[in-house]
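Would you mind keeping the following structure in view while I ask a few things?
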Amino acid sequence: MQTPLQALVRSQSFGAVIGVVLMLAVFSIVDFSGWWRSQTLANVAHFSAILGLVAMGQALVIITKEIDLSVGSVYGLTGVAFITFEPQYGVGGAIILALLIAALVGAVQGLLVVKGKLPSMIVTLGGLFAARGLIYVWTGGSVNNFSQAARINPLTRLFGGELFGIEAAIFWMIGLCIALNIMLWGTRFGNRLLATGGAQDSAESRGVRSDHVKIATFTLCALLAGFAGIVTLADKPQTHVTLGDLMELEAIAAAVIGGCLLSGGRGSLVGAVLGAFIITSFRYELIALGAPSSWFITFVGVVLIVAVIFNQSLARRAGHSV
Amino acid sequence: MAAQGFKRLVRRHSEIGIFLIAGLLVVFFATSSDGRWANLYNFATILQVTATLGLMTLGVALVIGTGEIDISVGSTFGMGALVYLWLALRIDPAIAMLAAVTVGGLIGAFNGWLITKTGTPSLIITLGSLMIFRGIAIALTDGFSFSIPYAARGGFTYWLFGGGDILGFNTGLIWLLVSLVVLMILLRATPFGNRLLAVGGSAASAHSRGVRVDRIKFSAFVICGLLAGLAGGLEAGKLGFADGSMGRLMELQAIASCVLGGCLLAGGRVSLPGALMGAFVLSSIQSYLVVMGVRPQWFILTLGVIVVAAALGDRLLRQWAVKR
Amino acid sequence: MSGTPLIQVKNLQLYFGAFHALKNVSLDFNAGELIGLVGDNGAGKTTLIRVLCGIHKPTSGEVWFNGERVEKFHPKLAIDQGIETIQQSVGLCDNLSIARNFYLGREPVRRIFGIPILDFKKMREMSTRVIREFGLRDNVSADDEVERLSGGERQSVKIGRAVEFKNRVVIMDEPTNHLSVREREHVNELAVALKEQGLLVIYITHDIFQVHKLADRIIIMENGEKIEDAATSAMTADALEEVIRQGGRKVEKREAV
Amino acid sequence: MTFKGWILAATALATTALTATLPDAAMAQDGEKLRFVVVSHIGSNDPNMNWLTMAMEEFGKKYPDVEAEYISTNNYSIQEHVRLLEQAIATRPDGIAVPIVSPDAFEGPLRRAIESGIPVVAFNIADGRPEGERIPYVTYVGGDELLTGRKLGEYALSQVEAGVVPAPTRVVCASHDSAHEGLKKRCAGMREVMEASGAKFDELFIGAEPATARNTLQSYLSANTDTNYIFTVAGWSAPWAWGVANEMGLSPDVDMEGVTVLTVDEGPVSIEGVRQGHVLATNSQGFWLQGYAPLEWLYWNVKHGYAPQQDILTGPIIITKENADKWSDLVRSVFGEEAYNQQNTW
C-alpha cells in the first residue's frame, strides 16, 4: 500500500499541487495583504469554480485522447438558452431545456468524431463557430433580461445563490468533482474511459465500445460546460452574446496545467480544478501588480508551456511513457 | 469503368475532393449571384485573401505533414504584420520584410525547439505561443496602431510586398505562387521532403533509417513561422495598417483549409495545392455570403457547418474510393 | 578469426524507466560470422540490436565498433558506418512509395542550380530491380505506396534494401516472418551468401532449429541477460533448445516467488 | 445509408440552408432598384447593430425603390473590415456607407470606389484629417469618440461641483476590446478630463466574456481600493461593473458615497441605468440617425446630386437623470415596449 503522500506524488495532479503551493508562496511574499483577504479569495474561488467545471469536462475529453474546442461556445449557448427560455418554461423547464441543448451539441460532436471518423479538433472547431453563430442568429445581438420573479425563484437561488456566505457555484463544483472522481475511478464506465484513452485498440479487443465511451464523454463535457453557464447566469443574470468567448483556451490550459496529458489515458479532475485556480489567481495578481491586462494572455501562455513540460517530466520520472 | 478510374484518381490524390468542391462552388456562386460574385474585382479580392491565408496554410500543411500541428500561426502573422509596418515606415520595406520573416522564423524556431527538445505535444506548445504572442502584439500596440498614410506609400519595394497590384491582382499573389512552387519542389523532389513525409508517416521507421526526426520537425516549424511572418507582412503592406488584432482566428481557418485540402492530421499525407484550394474555398464562401448581403449573424454559423460538412464529405469520398 | 572483433559489447545496461531491459551484456561479433541470436519474446534480442543500430542509447556500458569506441548513438551514424538493419516492426513508412522508402535517409540526388533534386530515375530503376529479385507481384511497381503491400512483400522490400546497401554488418530481426516457405529459403541462402562475402550477419529468431543450420555461433538471451554463447559445432540444436527451456523455467520460478 | 444517400442528403441540407440565408435573391434582379451597402464594424456581438438595422428598415419603408444591405464583421477587426469593404465594392453598389475606422487602411479601396463613381458616406467614425487630405467622401454622419469621453468626464465633474457625486480619486476605463481604436479614444477623452482634475486614470481590458470581465474588474477593484469611478465603454458592460461594485459593498449607485458608474450608448440598458440611479450618465451618438441619414444622403446624392458642405454630427449628447425619461420614450418608440423591457437587463 502507498502512503497518502506517495499516492499524491504519483498522482497526475502532483504538478498542479506544487504549482499551487509555489504560487501561494510567491503571492504571499509579493502581495500578502492584498492576496489573503476574504474578498480576494472569494472572488478568485468563485470564478475558479466556474472555470473548474468547464475544465473538468475538458479533462475527461482529453483523457479519452480527444479535444473539445467548443466548450466556450457551448457554455455561452446554454447560458443564453437558459435566459431565453425562462419566460416561457419557467426556471426549472429552462434549465432542463438548456442542458438538453448542451447535451445535444456534445452528442452530435461525439457522433461526428466517432462515426464520421473525423479529427475531434476539426469537429469541435466547427462546433465552436456553429454554436456561437447560433447565439448570434437566435438573439440578434442582445440577450433578454431575467425577470425579478425568476431571480428569486428557489431553483435560481439553488444554482446561483449563497450558502453560509459562500457562492453556490463552489459547492456545485466540489460536489461534481467528487461525483466525477467516483465515476472515473470507481465505476465500469470510468475504467473504460481510461482504457479508451490509454490504448483504444486494447480496450476494444476487450470488448469496450470505445465509440460509445467517446460519445458519452463529449456529451458529458458539453453538459458540464452548459451547467457552468447556468450556474454563472443564475448568479448574475446579466449576460451578453459573447458569453464564454475564448473560454475554451482557458479550459484547455487549466486541464493541461492540472496534469492532463494529450497522449491520453492520464489526467486528473482535481488537477483541472487546481489549474483553473492557478489561472484565475494569476489574473488577479497581475492586475493587482498593475500589469497591463493584455499581459494576462501572454502569462497564461507561459504558464501553460512551463506546466506541460513540468508535468511531463514528472510523469516520465514516475516511469510512464509519454 | 469510369467510376473505377475515378476511384483510382481519388485514392492517389487526396486533394481531388476539394478541387471538386471548389469547381462546384465556383459554378454555383457564379450562376446564382448575378455577376456580383464573379467579377474581376471580387476575384482579385478573394485571391488577395487567399494569398495571405494560403501562405499561412502552406506552412501549417508542412507541419501537419510531420504529424505535428501549429496553431500559433495567427499570432505569428500578427507579429509579422506589426514588425513589417513598423520598419517599413522607418527603413526600407525590403528590410522590413526581411525582419518580419525573421521574426516569424524565430517564433517557429521557439516552437520547434520546445517541441523537439521536450517531446511535448505541439498542440499545447503552440497554443501557449498563440497566447504569448497575441498578448505581446496587443501590448506592443497599446494605445496606438501602426499605419502608413495612403499618400506616403510608394516605391518598388513597397509595391512588391503586397502594397500594389499587377494586372489588377495584389502582388501578394506572386509570393504565394513562388512559395507554392518552391515548397512543392521541396516536398516532392528533395531528400528533405522525402524525409519530412517519412517522419509524418512513421517517425520510428524514419528514425531507424537514419533520419534526424527532430531536425526535420524543427525545420518544418521554422518554415511555417517564416511563411506566417511573410503573410503577415504582405497583409500589413496591403492594408498599410497593423494593429494587435491582425491574424486573430486565422490559425483556425488555416487548419480548416489544410483538412479540407486533404491533409491528414495524423501526418504523412499532405497536398499543398489541396490546402491552398481549401483556403480559396473558405474565402470564396465568405465572399459569397458578403456579396449576397447575407446578415452577418449567419456568417459564423455557416462557416462552422461548412467546415464540418466539407470534412465529412471529403472523408466519405475517400472511403468510397478505397472500397473495391 | 584474427584481430579485434568488429563489434564488441561490454557490460551493456539499459533501462526503460524502471524496466531493466538489458542486464550487463557483453558480446563479441567478428566479421565473416553468421550469428544466430535466439531467445523468447521479451528476452532482449531486439533491444540489443536496437542499441547496435543506434536507435537506443545504453544506460551504461560500452560498444566498440572496428576498434573504436562508439560515443554517439543514432541510426544515421550506424548506417554511415555500414551497419544495415532489417527491423521487425519499423523501417517502412506506409505513406511513401517503395522507391522512396528504399532510399529513405540516403536519397540519391542530382544538383540543379545547386539544389539537391531527387534522382527519380535511379531510385525507380534500382528499387524495381531489387524488388523483382525478391519476388514481388508483377503488378507492383516501385511507385506504389508501401501501404498496399502484404506482410511478406513488405519484408522483401526491407531485405532487398539491406542487401542493396550492405556494407559491413547486416542485422536481420526475424527476417522470415510473414514469408512463404520458398521465400524463407531464399532469405536464408542470402544470409549465408552475405557471410561468405565477409560481412558480419546477425540473425535474430526464436526458431533455434532454423538458425542452427545456418549460423556459426548461437547466442541465447533470456530476460535481458546473455545465458549462452556457443559455436554451433559445439552444441546440437536440441541441447540449445534445452538451454532456452531451462532459462524459461528459471524465470518462471523467480516470478512465482 | 449508402454513399449516394449521404451525398443527396448533404446536398439537400446545404441547399435549404443556403436558400434560407439568402434574403430575397430574386429582388436583386430588379434592375430599377438602387442598392446601398452599409459596411460596418458594429457586428453581431454588439446590440447597437439593432439601431442601424432598424433605421435601415425605416428607410426602406420610405424609399421602396432602394435596397439597403447591412454587412459587418463578427468581431472587431480592421483586417476583416477592409476585406468586407472590398467585397462590397466588387458588387458595384450604387452607394456605400462605411465608418472610417482607420483612414490609412480604408483610403485605398475607398478612393478606388469613389473614382469608379460609387458615392461614399462615412458614418460613426470620420476621417479625422483636414479637408483636402481626407478621403473625398460625400459627407460624414456621426459622433466623435474623443468628444464622447471628454463630455462625459466634464459632466461628471460638473456633478461633483453640484455635490451629487464625490470627486474622482481613481478612474478606471473598462474596455472590452483592447484592439478597438474607437474605444481607446473614448478612454483617452475621459483620461484627459479626469487627469486634469487630479485623479489617477487606468485603462483596463476586461474582455467581452461576462464572467471573465466581472472577475477581472473585481480583481482590479480589490487591488486598487481608491478607485471610485468606473467608465464602461459599452452599454452592456455597465450592469456588470455596477454588479461587481455592489457586491463588494462599494455603493455604486449615484450618491455621495463609493463608486460612480459612467457608461455610453442609448440602448435600454444604459438609459434604464440612468433612470434607476445606477449610472450617473451615458451618451448618445445618435445611432438611429447614423443608420438612417447616410442612406438618405446617398439617395439624394445619387438622384439629385446633393452634397452637404460640412460634416453632420449626430452626437455626443449626454443623457442624464434630467433627460433620461424623454430618451426612454424615444427608445421605446423605436424598439417597441416589449423589446425595450426585455433588453433592460438591470
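For reference, chains read A, B, C and D in written order, and residue numbers begin at 1 within each chain.
To be clear about the criterion, contacts are C-beta pairs under 8 Å (C-beta built on N, C-alpha and C of every residue); 3 or more make two chains touch, one makes a residue touch a chain.
What you are looking at is a predicted structure, and each value in this text was computed from that prediction instead of being measured.
J.: Spell out the chains that contact chain A while also contacting chain C.
T.: B
J.: Would you kindly count the fewest steps from chain C to chain D, each step being a jump to a chain that touches the current one?
T.: Between chain C and chain D, the shortest chain-hopping route counts 2.
J.: I want to compare two interfaces, B-D and B-C. Which one has more contacting C-beta pairs?
T.: By the number of C-beta pairs in contact, the winner is B-D.
J.: Would you identify the chain whose C-alpha centroid lies closest to the centroid of all protein C-alpha atoms displayed?
T.: If one averages C-alpha positions chain by chain, the most central is B.
J.: Taking each chain's centre as the mean of its Cα atoms, which chain lies farthest from chain D?
T.: It is C.
J.: Can you work out the whole-Å distance between the CA centroids of chain A and chain B?
T.: Taking the mean C-alpha position of each chain, the two centres sit 31 Å apart.
J.: Suppose each chain is reduced to the average of its Cα coordinates; what separation in Å results between chain B and chain C?
T.: 42
J.: Scan chain C for residues touching two or more other chains and write them down.
T.: In chain C, nothing touches at least two other chains.
J.: Quick check: what residues of chain B touch more than one other chain, meaning two or more?
T.: In chain B, the residues touching two or more other chains are 138, 142, 244, 296-300, 302, 305, 312.
J.: Counting only residues that touch at least 2 other chains, which ones in chain A make the list?
T.: 136, 140-141, 292, 294 - these are the residues of chain A that touch more than one other chain.
J.: Can you list every touching chain pair?
T.: According to the stated criterion, the contacting chain pairs are A-B, A-C, A-D, B-C, B-D.
J.: Per the contact definition, I'd like the list of chain B residues that touch chain A in the complex.
T.: 69, 114, 118-121, 123-125, 127-136, 138-139, 142, 244, 252, 255-256, 259, 265, 296-305, 307-308, 311-312, 315
J.: Spell out the part of chain A that touches chain D in their complex, as residue ranges.
T.: It comes out as residues 34, 37, 39-40, 43-44, 46-47, 50, 72, 136, 140-146, 232, 236-247, 250, 280, 283-284, 287-290, 292-294.
J.: Which residues of chain C touch chain A in the complex?
T.: Touching chain A: residues 16-19 of chain C.
J.: Where on chain B is chain D touching in the complex?
T.: 32, 34, 36-37, 39, 41-42, 45-46, 48-49, 138, 141-143, 145, 147-151, 235, 239-241, 243-249, 287, 289-300, 302, 305, 309, 312-313, 316, 319-320
J.: What does chain A use to touch chain C in their complex?
T.: By the definition above, chain A touches chain C via 316, 319-321.
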